[in-house]
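Presented below is the structure to which this report refers.
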Amino acid sequence: MMILKMKKEDLPAFLESAKEWGELWGPTTKDGKTSYAKVDSLSQMDLKATRTVIPPKKFLYPPRFTMFDFDEEGFVERTGDVPKRILFGLHPCDVHGILIMDKLFLETYKDPYYAERREKTLLLGHSCIPDDKCMCFATNTDFVAEGFDLFFTDLKMFYLVWVGSSKGHDLVRMRADLFSRNLDKNDILNYTEYRKWKTAQFKAKIDLTGMPDIFELGYNSPIWDELGEKCLSCGQCSMVCPTCNCYNVVDEVDLGTAEGTRDRFWDSCMFREYSVVAGGHNFRDKRADRLRLWYTHKLQAFIGEFGKPACVGCGRCVATCPVDINVATVSTALKEQEVGK
Amino acid sequence: MKKMCVVLEDREVQDNPFQPDMWRIVRRYPLTSDVNFYQARPVDVDEALKMNYMPGQFIMLSIPGEGEAPFCISSTPSRPGLLEFCIRRMGTLTSSLFDLKENQTVGIRGPYGNWFPLDKMEGKDIMIVAGGMGVAPLRSLLLYILDNRDKFGRVTYLHGAKNPGEMLFRDEFFQLKEREDLNCLLTVDKDDTGKWTERTGLITTLFKELGPIDSKNTYAAVCGPPIMYKFVMEHLVKLGIPKHQILMTLERRMKCGVGKCGHCAVEYLYTCIDGPVFSWWDVLHMKELIGRGASDKTIA
Amino acid sequence: MTELNVHSLARVEGHGGITVTLDGKKVKSVTLDIHEGPRLIEQLVRGMKPEDDVNTVPRICAICTLSHKFAAIRGMEKALGITPPEKAHLTRELMMLGESIESNSLHTMLLALPDFLGYPSAVAMLNDYTDDVKRALRLKKFGNHIMETTSGRIVHGENPIIGGFGKYPGKKALEDIKAKSHEMIPDVKRVVELFAGIEMPKYAEVDKDKVFMSVDAPKKKYHMYGDRTLISNGKDFDVEDYKKYTNERVVAHSFAKRSLYNEKTFMVGANARMINMGKRLGGEAADLLKEHYDKAWLRNPLYNDLAQAIELVWAMESLPEACDRVMAMDDPPHEQPTRLTGSGTGAVEAPRGTLYHHYELKDGLVDVADIITPTAQNLDDIEIHLKLTAERMLAEGKGTDEVRLGLETVARAYDPCISCATHLVTLKRA
Amino acid sequence: MTRPSPKIGVYGFTGCAGDQLMILNCEDQLVDLFGATEIRSFVMAKSDNHEAELDVALVEGSISTEAQLKHLKDIRERSKVLIAIGTCACWGGPQAMKLGDGKFEERYKKVYGNAKITVSKAIEGQPLDAFVKVDMKIPGCPIDKQEFLKSVSKLVAGKHPYLLKSPVCLECKWKENKCLLLDGKFCAGPLTKGGCGAVCPSHNLPCVGCWGPTDDLNVSAEYDLLKEKGFVPEEIITKIRKFGGSGVMELVKNLEKKEAKK
C-alpha cells in the first residue's frame, strides 16, 4: 500500500483535477438530510455529516433501473449508459459495505450491471467522526484497508492519503505536485493519536461476539414475536442498509406495442410479498419470521459463511427504524431475552 | 434486435447471466386439467447442443412483457437438443404460458442450481418418490437413470397423485411398468374414475410393497407437496436410509436464479445456487428450509 | 306527457342528465338531474383537525382540486388567526394560474369545442383539427405542470398547507415555467380566435340582463380569490355573509343543492369574472376582451366559453411576473395558529365560479363546515336556460337529436362540475 | 403478432372524477391510448358512447345510490375484466371514512332534512367489491399516471399488470427522505400502498394515506407508536380511516376492541 501526504488546502485543487476523470459526487446536506449528490466542488460537500440516508450502494445498484429492452424477438441488455463518477467522502463502513456487495455481485455469476457501475465509479474514502449510533468498532469496520481507490485520513493539518488501486494512483498522478511521499515520525505519531482518538469517540455499547450461537439458541425465542408486533413492515431498514441487496424484477410494456423493458428495483424481505409463492403459500408470513431472517442474515448466516457479519456498523438502521428495531437493540434483546426500550 | 457489446475501460463485460435466449415451443399439450407439457428448442439451432444440464437443475423462463420464473427441467440430458417442462397454471406468468401456442417463442436462461449428485449415486440403489407436481424434476432423474441403466443398482419409482386424472405422464409411466429393470409403483389417493387398475391410497402405502432394502446402499430422491415430505421422510428414515442420502428438491420465490435477488435465501443458503436439491440432513439442521414447524419436532 | 332525455350528460365531470317533460307541445319542465351519489363530506369532516380537513375537502372535485384546497386553507387560516407569509400567498396565486390554464383549456378545447364544430369528442376532431387538439393537450399539460410544481401533484397535491407550503417550488422549475409561458401565448390566443369565430346560438339567450357574481380580487386586480363578492348589479358583500346571498335548497331530482339570490337565479364562472372584473385586465387579454365583448354576454351563458378562452390569455400573461415574485423571496417558516376557536370563510374563484368554504372551529377541531360550490350556485340558472332552449328549439320544429345537442351545449357551457355539486351542503347547522 | 384492440369502457360513480381526469391528463399518450384501444364508453370524454360487451371496464368511484348499483352490475355483466380505479372504487374513498359506524342515516338527514329526493335512493358509499367481483384494483387519490399507463399498456398487450405491493416508505427511501415519524409527525406511509412516488414525504409533508391500505399493514404498531409520540386516539383513528374505507374498517375495529380491553 502506498501512503501519501497532502496539504489540506490542496484538496479542492485535487478534486478539480479529478473531475477530468468523471462526474464528482459527494455528501451534501439539504433540508436536514444528507445524501450523495453531484457537486461542482468541495465547497458544496458536507464532510462533517456522519451518514447519508442511503448508502453509496445506490450508485452501484440504483433503486430502479432497466436491465433489458425487449421486443418479440428477444432481450437486449441495457448497459453502457452509465456515467463515470468519482464518489468522494465515503466512510470506512461504506467501503466495507461495498466490499460485501462486491462479493455478492461480482463472484459466482458476475452481475454485469453492478460490474459496469463498479468499474466506472472511483471510490474516494474520507475519515469520519463517529456519533452515538456508529457501531463499526463492533463489526471491525472502523478502519479499512482495501476496496477504495483513494482514502483520505484527516489529520488536522494534513491528509494521509492511502492509494488503494492503480486508478487511484492515476488520479494522484494528475496532480502529483500536491502529494508527497515524505512521511516522518510525526506523521506516524499523529496517525496513532488519531486512531486512539477515533476509538474513544464511540458511545454506543454493543458487543456482537458470539452472535451466531446466540441466534441459534434464540431461534424459537419469543423475542422475535415481540419485535414482530412492533415492526411496521415499512422496509426502511433494508433500503438504508449498505449490505441489503434484495431486488425485484418486473417487465413493463410500451403502450400499444410488444416492446418494453425489464426493470429491477430494490425490495425488502420485510414485505409480505417477498416470500410468497404462486398459490399463496408464504414461507415467512409472520413479521417475526421476516425480522428473524433479516437479522439472522446479517449477524449469523454471513458470519458462518464468511467469518464476519454482514453488518458494517454504519448505524443507519439505528438512525432510521421508527420503532427502534436495529442491530443494537435486536442483538441486545436476544442476549438478554428482553426487548428494551 | 442485435446484441450490443459494451467495451468497458479495462475489459469486455462477461456474458450477462440474466440474458434470456429465445427458444421455440415445439410441442405443447395438457398433462392434466391445470398442468401442461412443453417441449422447446433454441431458435438459434447452433445453440441446440450447447445447453448442458443435469437432472435436478432448473431454468428461468420468461415471456417478454409478462416476466420470468423458475421451472425444473423435466427432460434428461441424455437426450440432448431440447428441453421439456411441465408447468402448472398458478399465476400471471404461468397462465400466459398456457395461452402460448406451439411455434411461439419464450426466453430461457440457465441451467441453474445444483443437481442430484449422480457421481455419488452411481452404483447405488435408487428410490424415487414423486408426488403430484414433484414429477417435474424427478422425471429428469428417472429418464437419465434409465438411459444409463447399467450404472445404477436397483431402481424403484414410487408415484402418487390425487386421482387418475391428476397423474402427470400417466401413459409414460404405465409403459415403464413393463420394464423388468424398474420397479414402478403407481397410486392415487382416490379413484374417481372406477377404471384405475393400480394402487389406491397415499403414497406412503407403497412403502409396504418394497420388500427388503439395502438401505445404506440406497439414495432416495423425493419431491412433492410440502405435506408429503413429513410422512415420506419418516418412512425413509425408518427404512434406515442415511439422512444425507435422502435428497429432495425445494421451491422458493425467485427473481434471478443466480443468488442475487435474495428472495430464496434461507439462512446462509440460496435455494437457487445452493439448491434446489437438498438432503434431509440439510433440512433438519437448516430450520427454515421447509418452513417453521415441519422439522421442528423431528430429532431422528 | 312525454319526456325527452339526455341520459348521461357527456363531457362534463361527474354524472348528470337532463329531463325535458312535455305536455303536448308545451315544455312543462326541464330539469338537470344529478345522478352522482351523495358524499356528505361536510358531515364527515366534523371533529377533524384543520389539517385533516384540508386534505379531505379537495377530494370533492378533481378539476377544482386546488380551488378547494385554497378556499379551505383561506377559511381555516381566518378561523385560526393566521396571516400567511407573503411567499405562500404568491405561490398560491401561481398555482391558481396553473389550475385556470389546465381547467379552461380542458373545458374549452376538449369538452366544449366539439359541440360547436359538430364532433362527438376531441379525439374525433383529431384528423380535421390536428394542431388544435394537440395545442389543447399541450396547454392542459402545461397547466398540469404548474399545478404539479406548486402543489406537488397534478391532482390533489398536498403541498399547499395551512400557514404555507411543505416545500416551495425551486428556482429552476419557475424559470422553466416562465420561459414556457412566453412560448405559449400564441396557443392561448388561438383558443380565443376559435371561440370568437363561432357564432353563438341564441336559443339560450334571455331578454333581460342576468345577474353575475364573482369575487372581488384584492388590490383591484383580476384574480381568482377575494374577501368580497361582486354582483353585476353593482352591489357587493363581505364573503363572510355568503349565506345571505347564496341560500340553498334541496330539490327532488338531484342530490345537489341549489342557490338563489333575491329569489332569482344567478350565474358564476368566467363570464361573471369578465363582467365584474374585466376592466382590470391588462395586456392582450384586455384587448381581446374589448374586441369580443358585447351586450350578448349579459344574456347568453354560452359566452362563458369565450370568457374562459380570454381568461387563458390572462393566466398565461400573468405567469412571468408571478414566477418572478415567488423566486424573489426566501422560504419563510410555516405560520402557526394564534387561536384554536374561531370561524372564517374562504372564497376562491374556481374555473367554473365562486367557491366558498366556511369553517367554525372549536378547540382546534372542525365544528361546522359549509362548502358552497360554483355548480350548485349555477344549477337553477342552468335549468332556466335549458327550458328556454327546449321551448325555442321545439317551436322551430327541430328534431330530437338536435334539441338534445342544444341542451347539452347549454349545460356544458357552464362547465359544470357535478362532483362539486353533490358533495352536499349542510342545510341546518347542527 | 397484432392483437385485436381491447374494448374498453371508462365509468365513474361517486367520487371526484379525478381518476378519469388522470386518464385525460395523460396528454402525451392520450392519442395513442385511443388508438391502441377501442374506447366504447367514456362519458366524461366523449358523446358517442355505446354500452356493449367490454374486454376491460375501468370503474372509478364508490357506489352510493341504488341506481349506481344497478349500473355497476350491468357493467360487470358485460365486462371480461373489471378494474377498480382510484381509492373510492377500491376502498370507498373519503365518503367511506366512517363506514360501518351505523350513523349514515343521521348524517344524511343533517344534510337533506326530510326532503324527498326522487333520483335514486342513497346508500352509504362503498367500494365496488362490496357488490361485484373486482379483478384488479389500481388505487390512488387520484391514480398515478405512470402506474395507470403501465397497467393499461400491459392489458393492451395481453399481459398482467403489476402494481407495487409495498408501502409508501419504499419509494420514500428511494427519494432519500428522512423519516417523518422520527420527528413525531403523523406519517401514514407504512400503512399506505406505494405507487405515488412518495410525493408528500418528498415535500416534507406526512403521507395522508390517500392510496388506501397497503398489502400488509401493522395498524396496531403504528397506533402504539403515534400514541407514544403524543397523538390522541381519536385523531389517530380519524387519520387512519380518512382514506382507508373498507380496507381498514375491520383493522380499526379490532384495534378499538384491543384498546377497550386495556
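Residue numbering begins at 1 within each chain, and the chains themselves are lettered A, B, C and D in the order written.
The rule is simple: contacts are C-beta pairs under 8 Å (C-beta built on N, C-alpha and C of every residue); 3 or more make two chains touch, one makes a residue touch a chain.
Remember, predicted model here, so these are calculated numbers, not experimental data.
Among all pairs of chains, C-D has the largest number of C-beta pairs in contact. Between the CA-based centres of chain B and chain C the separation comes to 65 Å, rounded to the whole angstrom. With each centre defined as the average position of its C-alpha atoms, the distance from chain A to chain D rounds to 37 Å. Centre-to-centre, using mean CA coordinates, chain C is 25 Å away from chain D.
Among the residues of chain A, those touching two or more other chains are numbered 31, 72, 250-251, 253, 258, 260, 267. Within chain D, the positions touching two or more other chains are listed as 154, 157, 159, 162, 204.
Annotation for chain B: residues touching 2 or more other chains are 65-67.
Contact between chains, as defined at the top, is found for A-B, A-D, B-D, C-D. Of all residues in chain B, those touching chain D in their complex are 63, 65-67, 92, 95-96, 99. On the side of chain B, the complex with chain A involves touching residues 1-4, 6, 8-10, 13-14, 16-22, 62, 64-69, 90-91, 94, 105, 107, 226, 251-253, 255-256, 258-263, 265, 267-268, 273, 287-288, 291-292, 296. By the touch rule above, chain D contacts chain B in their complex via residues 154, 157-160, 162. Listed in rising order, the residues of chain A touching chain D in the complex are 31-33, 35, 52-54, 63-64, 72, 229-236, 239-240, 250-258, 260, 266-268, 271-273, 287, 320, 322-323. Residues 1, 29, 32-33, 35-36, 149-150, 152-154, 156-157, 159, 162, 165-167, 169-170, 172-174, 176-179, 181-182, 189-190, 204, 215-218, 220-222, 224-225 of chain D touch chain A in their complex.
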